[in-house]
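Look at the two complexes coming up: chain A is in both, with chain B in one and chain C in the other.
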Partner chain A sequence: MSADPVEIFRQEAADLLEALEQALLDLERRPGDRDLVNTAFRALHTIKGSGAMFGFDDLAGFAHEFETVFDRVRRGESHASPALIAVALNAQSFLRTQIETPDEASPAIGDGIRRVLRRPLKVLGYDTQRFAANWKNYHENPRDSFHANILHTFYGTFGLSRQAQESAMILDDHGRHVYFYTKVGTDRASADYAETAATLRSHNPDFRLEDTRLLKWVDEFGDGVNMQILTLYPSFVLHQVCNSIAVRQLVPRSPTSSDLHWTYLGFADEPAGMTDTRLFQTNLVGSAGLVSMEDTAVCEMVRRGTAGSGEGEASFMEMGGKDLTSGGSTKLSEKALRNFWNTYRVQMGL
Partner chain B sequence: MKTVLTVDDSPSVRQMVKIALQGAGYGVVEAGDGAQGLSAAKANSVALIVTDLNMPNMNGLEFIRALRQLGAYRGIPIVFLTTESDETMKKDAKAAGATAWITKPFKQDQLLTVVKKLIG
Partner chain C sequence: MTVSITEGGRRAIEDLVFEWARAIDEGRLEDLAPLLTGAGQYRIASRFNADRGLPLAIVDCRSQAQFRDRIRSIRVANVYAAQHYRHLVSGIQVLGEREGAIEVRSSYMVARIMEHDGSTTLFSTGQYRDRVVFEDGRPRFLSREVIYDSRAIDTLLAIPI
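For the complex of A and B:
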């Protein structure tokens, strides 16, 4: 046995997470079993306490929130519903990833979350969008940043997102999570670009909207970013598109079916007008939004396109290579996509 | 050499306590829960106890209640290692005879300061 407390903690946490997983699986069958609830609580309590001792601050913070949920179950204020167990199993696997490969670049990703979720929130509504594609098809979408301008012609036409705008794509050190943003109205002017843009149907300056409310937004964070899409592997997306703020939770249903649970957010202290603006913009991004429906429709097309004609067959197209590190920070990069598949392959031992 | 008993179901925390106290010249005996702690207290001559609250089998509270029943340990200093979510148990522990608290996370120096103050 190693004498280093940090190494001892890693092993201990791995054992505790295994005990936690077993307790959660048993709770699915015996939701009223108090011993199981206590086991889950104690495992999380120790991970929190010991994790904080040895510098695993993010881990300890997360375990604290998780533990609080089980404390409520323990006190009889809540019960171990199937929904709770499902979320808890997800959270358990997240904790395991955090211990096995601590996320050194998470501050950048965390900054993206804090940039948006900066004040007390209120939930404006929630709903579920079901689509006929694999969950991994959906993961390609927010990582494939150039699809925004090809697929979502509304964005290009009305200038909400264009390739020439200032933008960035930030990945964590392991390529699991990605944070992408673009700033409206920063289109770089160049003769080349103007010439090319003139040939694009979507850049016709004569296109006008009858109702321009969908284009009006307030730069409420004061940094000019009108679009931020932040994706945490394996199941979470946080977006700010103009004034629409929402989280999307991706839940696989079968190899060819997935659910997206949308939760639309605003801030507790905002004026009613701002809430109306956010709700109006769900016509663009939201379970029945123009842009979001294009996303799921294209996921379904990609799934059908890659399925192959016979049983167990699949097709793929290798585009710009397999390199995980090149691609820079512009929107025109496959880097995030390649890192997603690499993460998945490594995790699944493929 | 004065001996300290560390009772914690977390091996990493026990190891950290052990390294800190042995480095300062104390002897250290370890136990993984309250029941083991009670046996260890009976088998050794212990000058101070550092114990966790939340443990399987016998928790920290039950442990010190049982310990205070033993004549030799009626007045022994007991230091609790707690977390912020242990507030209710903390009150009970005080009533059961805890001497001092240290909230996790803590540094080795903090632990040593408390131990030196209590047993020199």
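For the complex of A and C:
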């Protein structure tokens, strides 16, 4: 029998997370059940306490914020809505992966969440995209940071972004979570920039919006980041695109059909004008988003392209190699995709 | 209804509603913007959100120029499978004048036809909620709000409804 205290914590936390998951699933059916809310709260409270005791500080911090939500439900200040349960199930799954396979990149990913979700939120509305592709097709998208300038040409076409902007893509060690962001106003005067840009299909210096109000945004977090796409394996995305803030939940419906549920958010205490700016910038994202509408269409195209023509057939495009490390460290690499698929296959025992 | 609308005015409003649908179905997307006033608004929002008092719209054009920008974007920037629509518009009701504009309602069904596999599917149903004004004797949309019935959009919404 192991006497390793960290191992004991892992075992205890695994049991608590199982109880938490059951409570959340039951709450979906009985949202008014106070006993279930208390069970969820107590499980999180204990995970927080023992996590802090055994040195899992980030995990304890996350559990604390999670617990606070259920404390509000317990006090009757908030209710266990389907949206809240769905987010809670994602958070539960995140806690579980953090306990089972902690890694070094996770603090940065936690920072990305805290960077945006820093004050009490309000829901501005929902949007669902239903697309004919496997849920894993969608995961290739945020892992390919170069795709934005090839696929999402609204940016380049209207001067919202350039390839030479400062950007970063932070992954955890297993290719599960991806934290991608870009900063504006950091264009480098690179000698080959003009030439490179000219070959990009999206680049057209004569192309301007007639009504540029759509591109006006407020640097509300004070760090110049105009876009953050943070993807948590397996099914959660938090985005900030200018002042649009939303979480996306990826829900498989069948091997060839998936739903992407968008929940648009603002801060509960912000002035009406700020909320209006966020609502206006919904034009950029979601089902009809000028920047991102094509993501789901491309998932469908990729699925059609890789499905093969006969039963059991499939095609594969080898780019920078087949192992987990080849392909260099630039943005022009699909290394993150290989890591993602490898993690999935290992987890599924394939 | 405080102000009566002439039979001719009613016909002109119906023509405006039908012209919008036909221009889309015939791929004449550039002909849509002139059907809005200069400050004309065009929104697409789900009934799911509207019923809950949630303000989100998936398309929120706040001027004729913004509408033109969106059309230009879907022509040159956005990537999506080649497709076209067929509108059926019915039940046009001219409700009367309120705050300087004529309130009009109608229902629509839109079939979407995909070029790559020839499939025709019922893409969207919903209601147009219009505010119409006459400029130089011609009706235009001061605002056109599309409230679609299903909360889910199949793949994406590129071409306006």
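By our rule, the second predicted complex is superposed on the first by the 243 of 350 C-alpha atoms of A that agree within 3 Å, B and C clash if a C-alpha of one lies under 4 Å from a C-alpha of the other, contacts with A are read in each partner's own complex, and residues count from 1 in each chain.
The rule is short, and it goes like this: a contact is a pair of C-beta atoms (placed from the backbone, for glycine too) under 8 Å apart; a residue touches a chain by one contact, two chains touch by 3 or more.
Only a predicted model underlies this, so the values are computations on that prediction, with no experimental measurement involved.
**Student:** More residues of chain A in touch with chain C or with chain B?
**Tutor:** Partner with more touched residues of chain A: C.
**Student:** Kindly classify A:166 by the partners it touches after superposition: chain B alone (first), chain C alone (second), both, or neither?
**Tutor:** Touch status of A:166: no partner.
**Student:** Scan A:280 for contacts with chain B and chain C and give back first, second, both or neither.
**Tutor:** The answer is second: A:280 touches chain C but not chain B.
**Student:** Touch test for A:270: chain B only (first), chain C only (second), both, or neither?
**Tutor:** After superposition on chain A, A:270 lies in contact with neither partner.
**Student:** What is the contact status of A:220 with respect to chain B (first) and chain C (second): first, second, both, or neither?
**Tutor:** neither
**Student:** Could you say whether A:58 touches chain B, chain C, both of them, or neither, answering first, second, both or neither?
**Tutor:** In the superposition, A:58 touches no partner, neither chain B nor chain C.
**Student:** Quick one: classify A:297 as touching chain B (first), chain C (second), both or neither.
**Tutor:** second
**Student:** Now for A:26: first (chain B), second (chain C), both, or neither, which partner does it touch?
**Tutor:** neither
**Student:** On chain A, which stretch or stretches are contacted by chain B in one complex as well as by chain C in the other?
**Tutor:** No residue of chain A touches both chain B and chain C.
**Student:** Tell me, which parts of chain C touch chain A in their complex?
**Tutor:** Against chain A, the touching part of chain C is residues 44-46, 48-49, 54-63, 65-66, 68-70, 73, 76-81, 151-158.
**Student:** What does chain A use to touch chain C in their complex?
**Tutor:** Result: residues 123-132, 151, 153-154, 157-158, 202, 204, 207, 209-211, 213-214, 259, 264, 275, 279-280, 282-283, 286-290, 293-294, 296-298, 300-301 of chain A touch chain C.
**Student:** For chain A, which residues are in contact with chain B within the complex?
**Tutor:** 3, 5-6, 8-9, 12, 42, 45-46, 48-50, 52-54, 60, 64, 67-68, 71
**Student:** Under the touch definition given earlier, write down the residues of chain B that touch chain A in their complex.
**Tutor:** Those in contact with chain A are residues 9-13, 15-16, 19, 52, 54-56, 81, 83, 85, 104-106.
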